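Below is one structure; the comments refer to it alone.
Chain naming follows the written order as A, B, C and D, and within any one chain the residues start at number 1.
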Amino acid sequence: MKFKPTLIGALLLSVTSLQAQTDDGIIRLSEFAYPVKRENLNIPAVNGYQVLKCDFHMHTVFTDGHVWPNVRVQEAWREGLDAISYTEHMEYNPHSADVKVDHNRSHDLAVELAKENNIVLIKGTEVTRQTPPGHFNALFIEDANVLVSDNDSKMDQEAIDKAYAQKAFIFWNHPGWKATAIPGSYEWIDFVEKMYQEKKLHGIEVVNGLGFHKKALDWALDRNLTIIGNTDIHNLIAHDYNIGQQGVHRTMTLLMAKDRSAAGIREALEAGRTVAWSSHYLFGKEENVRNLVNASISVSPSYYEKSNPKTKVTTKYYEIKNNSDLYFELQLKSGNGTKKIILYPESTQILTAESGQFQLTYEIVSTYIRSDKHLQFDINLK
Amino acid sequence: MKFKPTLIGALLLSVTSLQAQTDDGIIRLSEFAYPVKRENLNIPAVNGYQVLKCDFHMHTVFTDGHVWPNVRVQEAWREGLDAISYTEHMEYNPHSADVKVDHNRSHDLAVELAKENNIVLIKGTEVTRQTPPGHFNALFIEDANVLVSDNDSKMDQEAIDKAYAQKAFIFWNHPGWKATAIPGSYEWIDFVEKMYQEKKLHGIEVVNGLGFHKKALDWALDRNLTIIGNTDIHNLIAHDYNIGQQGVHRTMTLLMAKDRSAAGIREALEAGRTVAWSSHYLFGKEENVRNLVNASISVSPSYYEKSNPKTKVTTKYYEIKNNSDLYFELQLKSGNGTKKIILYPESTQILTAESGQFQLTYEIVSTYIRSDKHLQFDINLK
Amino acid sequence: MKFKPTLIGALLLSVTSLQAQTDDGIIRLSEFAYPVKRENLNIPAVNGYQVLKCDFHMHTVFTDGHVWPNVRVQEAWREGLDAISYTEHMEYNPHSADVKVDHNRSHDLAVELAKENNIVLIKGTEVTRQTPPGHFNALFIEDANVLVSDNDSKMDQEAIDKAYAQKAFIFWNHPGWKATAIPGSYEWIDFVEKMYQEKKLHGIEVVNGLGFHKKALDWALDRNLTIIGNTDIHNLIAHDYNIGQQGVHRTMTLLMAKDRSAAGIREALEAGRTVAWSSHYLFGKEENVRNLVNASISVSPSYYEKSNPKTKVTTKYYEIKNNSDLYFELQLKSGNGTKKIILYPESTQILTAESGQFQLTYEIVSTYIRSDKHLQFDINLK
Amino acid sequence: MKFKPTLIGALLLSVTSLQAQTDDGIIRLSEFAYPVKRENLNIPAVNGYQVLKCDFHMHTVFTDGHVWPNVRVQEAWREGLDAISYTEHMEYNPHSADVKVDHNRSHDLAVELAKENNIVLIKGTEVTRQTPPGHFNALFIEDANVLVSDNDSKMDQEAIDKAYAQKAFIFWNHPGWKATAIPGSYEWIDFVEKMYQEKKLHGIEVVNGLGFHKKALDWALDRNLTIIGNTDIHNLIAHDYNIGQQGVHRTMTLLMAKDRSAAGIREALEAGRTVAWSSHYLFGKEENVRNLVNASISVSPSYYEKSNPKTKVTTKYYEIKNNSDLYFELQLKSGNGTKKIILYPESTQILTAESGQFQLTYEIVSTYIRSDKHLQFDINLK
């Protein structure tokens, strides 16, 4: 049997009231079902752009993932995502004894459900080649099956070229993922340089799951490639992330887009208006991270001040508020004020500063605008 | 990429310490990964039997479920189950355009993983016929494929007979599940009576997911059939249950077994030593429910007493302790004592009683020993 | 020793990193400290008014409460409140053997801390008389001590008159709280009628803690008195409410105010722009509840539609979004659409409706605009 | 008003069922009240000793704490503690303008409530002197008031001597707590040496709140003094610890006692059978920590093995189970097996080892048996 899914989680019934519910001889013991809901993942608009939450890298049973395609839509809906992309491996099909190989199939099976759930579906694939160079994701393709090559020796190049011919947005996945297994594989090799020169490489997956690829971030920054963060989920999101606990979300790419559509997503990707978000951390170009921070954090005018009679120092009080579901950790760099501030999602802290100052400068140590650099954040005191 | 699953959830890293971790240029942002663990689902032994936690009804992508078979083992391991059974539909194969039909396949694919995870795997199938009679699960079969019949008009009977020939343990699933859609379908029909007479029906699934089938409970009690509770999960357990929140568990059959093995499970099923557990509720034969309650709840000797100078009444104090992960709700029926007691999992309450009494009688309203009857629970005061 | 409170909860340290942290020979094992933060309790502005969260009824050790006054500010700060009022009993001082009686003292001790935490402190007291009439709270008083009367027989009247002379805003607390103990005590008695006639009664506490006083709601509505909800907390908020779990908040009065100040609060109280919030429920004048709902819930234009080839029915899809931290439960009254909708805090559901309709009408069963009436909520479909 | 506290948290009522509940015109909106319960803090018996959970250091409004004495019993009951001790400062009384100074009073006010809640109350006090030496707790005293000295220059010595005369068990609190403020104050000074020589010093508080005092641990080990861990709570436990989240508990002393009584506690303290528990960490004498670990962790016989056809290596599978509410983190030191194991409270992990080995040696890095040394834990494989 398969019950029609309903919102039974919300019906809190007492034992007593149970008795009254039955007219078909079946009692629904619903009080501990899961609260089925789409979370509003709140991030304020950034300079007129809405912030879309996207995951452009995931797998299903059609290659080496563990779920039917519908689950990925279900997960995206629950966790407040706007857009996802199925990116099945092109050359790796471990389920082929049981599941017919068709590189478009997981996408096609999810189209209707994605529409019903208002999730933007971007057709994609993962070009899975020898490492190095490793894997590339191609988004906005038309047909994944035609990218497969028969010619082993040339297949890396051919797959990229065919994806490019389909006007794909192409990014390099998790550079260095076999860094320890294959020495020398975490380098900017000729193959990639050639792609870059020919404008066939548009972005780099700087965060994959919970792994932050440091060199990859710097490569993207130095070449003005778009910075991407994805789950590359094979298993269940609910088993790999502690979803719903203490503001934990899956890894994603935050996209500052003109509108919530495939076209809006493409435009933002090409313009590089992205920040990768994983665990507590944000990764991106300084300007993008700064814009996101400015949209999320606000500091009130001073609401109180008091003097210490001994030291003659006057302390002023401010509220520093995180208006988003993001997390920020600030450490003071200059000025006399609160040394360390944790801004949990949707919460506020008290900031104090010595009177007479006009600015405090913090480093937001939960951001990376280069592999060795956090965002500097100036607070103007009023 | 697919990271090798590791216990990274436990590594709590600060931003500062992050810097020191890298030797391969990749930082694991692990502090918010899910704590991967097998929960000890504590239920004390009952009269020398260990209490096994079993789910004998579930689906995968091989029929109409949403997950690859490995996920069911993963879920069972996390949630503390001892035994599971894949019970794919025999005549309903909505994924057949993509997934090759083989009724044994989900079981076979999980065998190795189940061994590695120490989960007992019972080979099963779901005989999915017209309603009524509806569906039956056959456990301990050898080959699900041979149960399929070509003869449409006789297939109900043939499938049951073939399962019986394989020495299956057979139970009727969720009787009445189409009670409103098909009037008259929630009855003890001739087909079932014949099975029962011929000893081909051994149990009834009284709880399916979060649905408690009232008439089914009484049928099982009146005919001494084994009482079963299963999830019949198609989706993810993590999406259909609020796992990990406030003592919520998936629906299951608690089995009082001589040992933790397929043979031990069969013996307990045949002996009818089962209680179905769903949400906060327990369902079973009075004796089984009582034994489980007695093993779980203990009451201390009185540790304090005091007199009310006005009323001259002396009140005695006791601790009532729930030593299990079950949940109990008690309402006083006779005696002068605490009127209502909630025993949350692994917790204790204070019980008070007027001095001079030897017994308080409660009804455990979170148990059903008949569709209209709760267990009566006597507390002897010391 | 008393550690200076710091935000150590946010520093997630691994065992390994611990070693590096010490320079004073003391290691802070901080990873499991509580995340100290002020929650942003999000409720959108209502027609240009900001929604202030207030609790005008609470006790400390200075009468029969269990905490020093500072704890009430701490609680208010954490839980996102804007304003509180200490309302110690005037005639009930069970701690007087240990604590010097001074009815202004808890307020006075908290003034500085409230300023530092940006909490608006309204000076108040609880006039604790025989029941009936029972208790009244007087807010915006200047001096609680002078309200105490020596004349036993007249003290009810005198205390009210003196509070009125101090220009207090006076409301009747929890009418009927001894309804079962003192028959006839849950009535609109002459004493209260006289207060009402003389304009000395301005509001009624319709919700006290988790108790909803039904008749009191109707009295307030019929006489245009301000509707109030308070915790009347004596114990710890953290012990009496499941704070932080599943959107649980303490009971409070939501006030639609021109600004966040004592004056703004007084104006809103006098204008009656309040809604009481307790558990999942809202209580108030229809107009106020409706305004709050309209500010909190939004419905998108249809984003998808599909036809059922069998039934020829076309279904349109909408998103219904809860932009607040409130909780709503909707039941369909007219139109063909989703029958039941749970809007958890900050979350979204899918709403479906048969094509061709322009409106669905729901009852928001988690609101009370009279003791026997929920708010009707019309959704115009686009 | 003050509702009589009841177990209303457990009554889960739907909106619909609410209507039926009223007979007094007041509806209890109870579904989100806190689940009031005493947690079973499970730690298995250790070599026939029961493990008592104790906190011997806490404050109330009677000195510089923030709560009335009853709250400390309430907290202890909820959090599964067996014994507590009020240890008000003797010379520091910041509330004296409002609260009458009486060093025995908080204890005396809690006696009855502690009896009702079955909490063992040990009479204590905190001798609060200049730092160094700083503070000492004296337990099992008869009268705290007589310890106060008028003679300023000798008061350190006199207070200790008077406590000793009352047969107190005396321990040094948080040595080094002003280590940075008062250079040289984190030393084993003459005053302490003299106490030690005269047998007037019996233990050291090695963990205070979330602070682990490294040198203090080594001092206790070298001199065979009893190792203690306390909260030294002034504020609310619920505000300073993330109680109920992910197995978080308050800091405490685990005591291996012959029975659950004041005498049993004293005997175990004097025998030094204690382990301090704070956050995820255990601190104690090697023998005590080892006994606790052995009682908590069990390893199953191998339940499965498999060979890798390529490497010819056979891997054996074991279950490693944490039978307690403690937390353990293991790192492999020798042998070929699982490198890192996190044992969350009441959970199990899979341990694998190369066939042919008889032993794996781990370090339990979440234990400290010296400031720079973890417990070594040998697993014998079967």
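The definition used in the following text is that a residue touches a chain if its C-beta (ideal position, glycine included) is under 8 Å from a C-beta of that chain, and two chains touch if they have at least 3 such contacts.
Keep in mind that what you see is a predicted model, and the values were worked out from it rather than measured.
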item	value
A-C, A-B or C-D - pair sharing over half of the B-D contact pairs	A-C
Identity of the chain that, by mean CA position, is farthest from chain D	A
Chain A-chain C separation of Cα centroids, rounded to whole Å	36
Distance between the centres, which are taken as Cα means, of chain C and chain B, whole angstrom	40
Shared-contact residues (touching 2 or more other chains) in chain C	9, 16, 31, 35, 246, 329
Of all residues in chain A, those that touch chain B in their complex	1-3, 5, 8-9, 15-16, 22, 24-36, 61-62, 64-68, 70-71, 74, 78, 95, 97-100, 102, 105, 109, 135, 173-174, 176-177, 179-180, 186, 207-215, 232, 234-236, 238-243, 246, 248, 278-281, 329, 365-366
Chain A residues within the chain C interface of the complex	6-7, 9-10, 35, 37-40, 42, 112, 115-118, 246, 300, 303-304, 306, 317, 319, 321-323, 329, 340-342, 344, 346-350
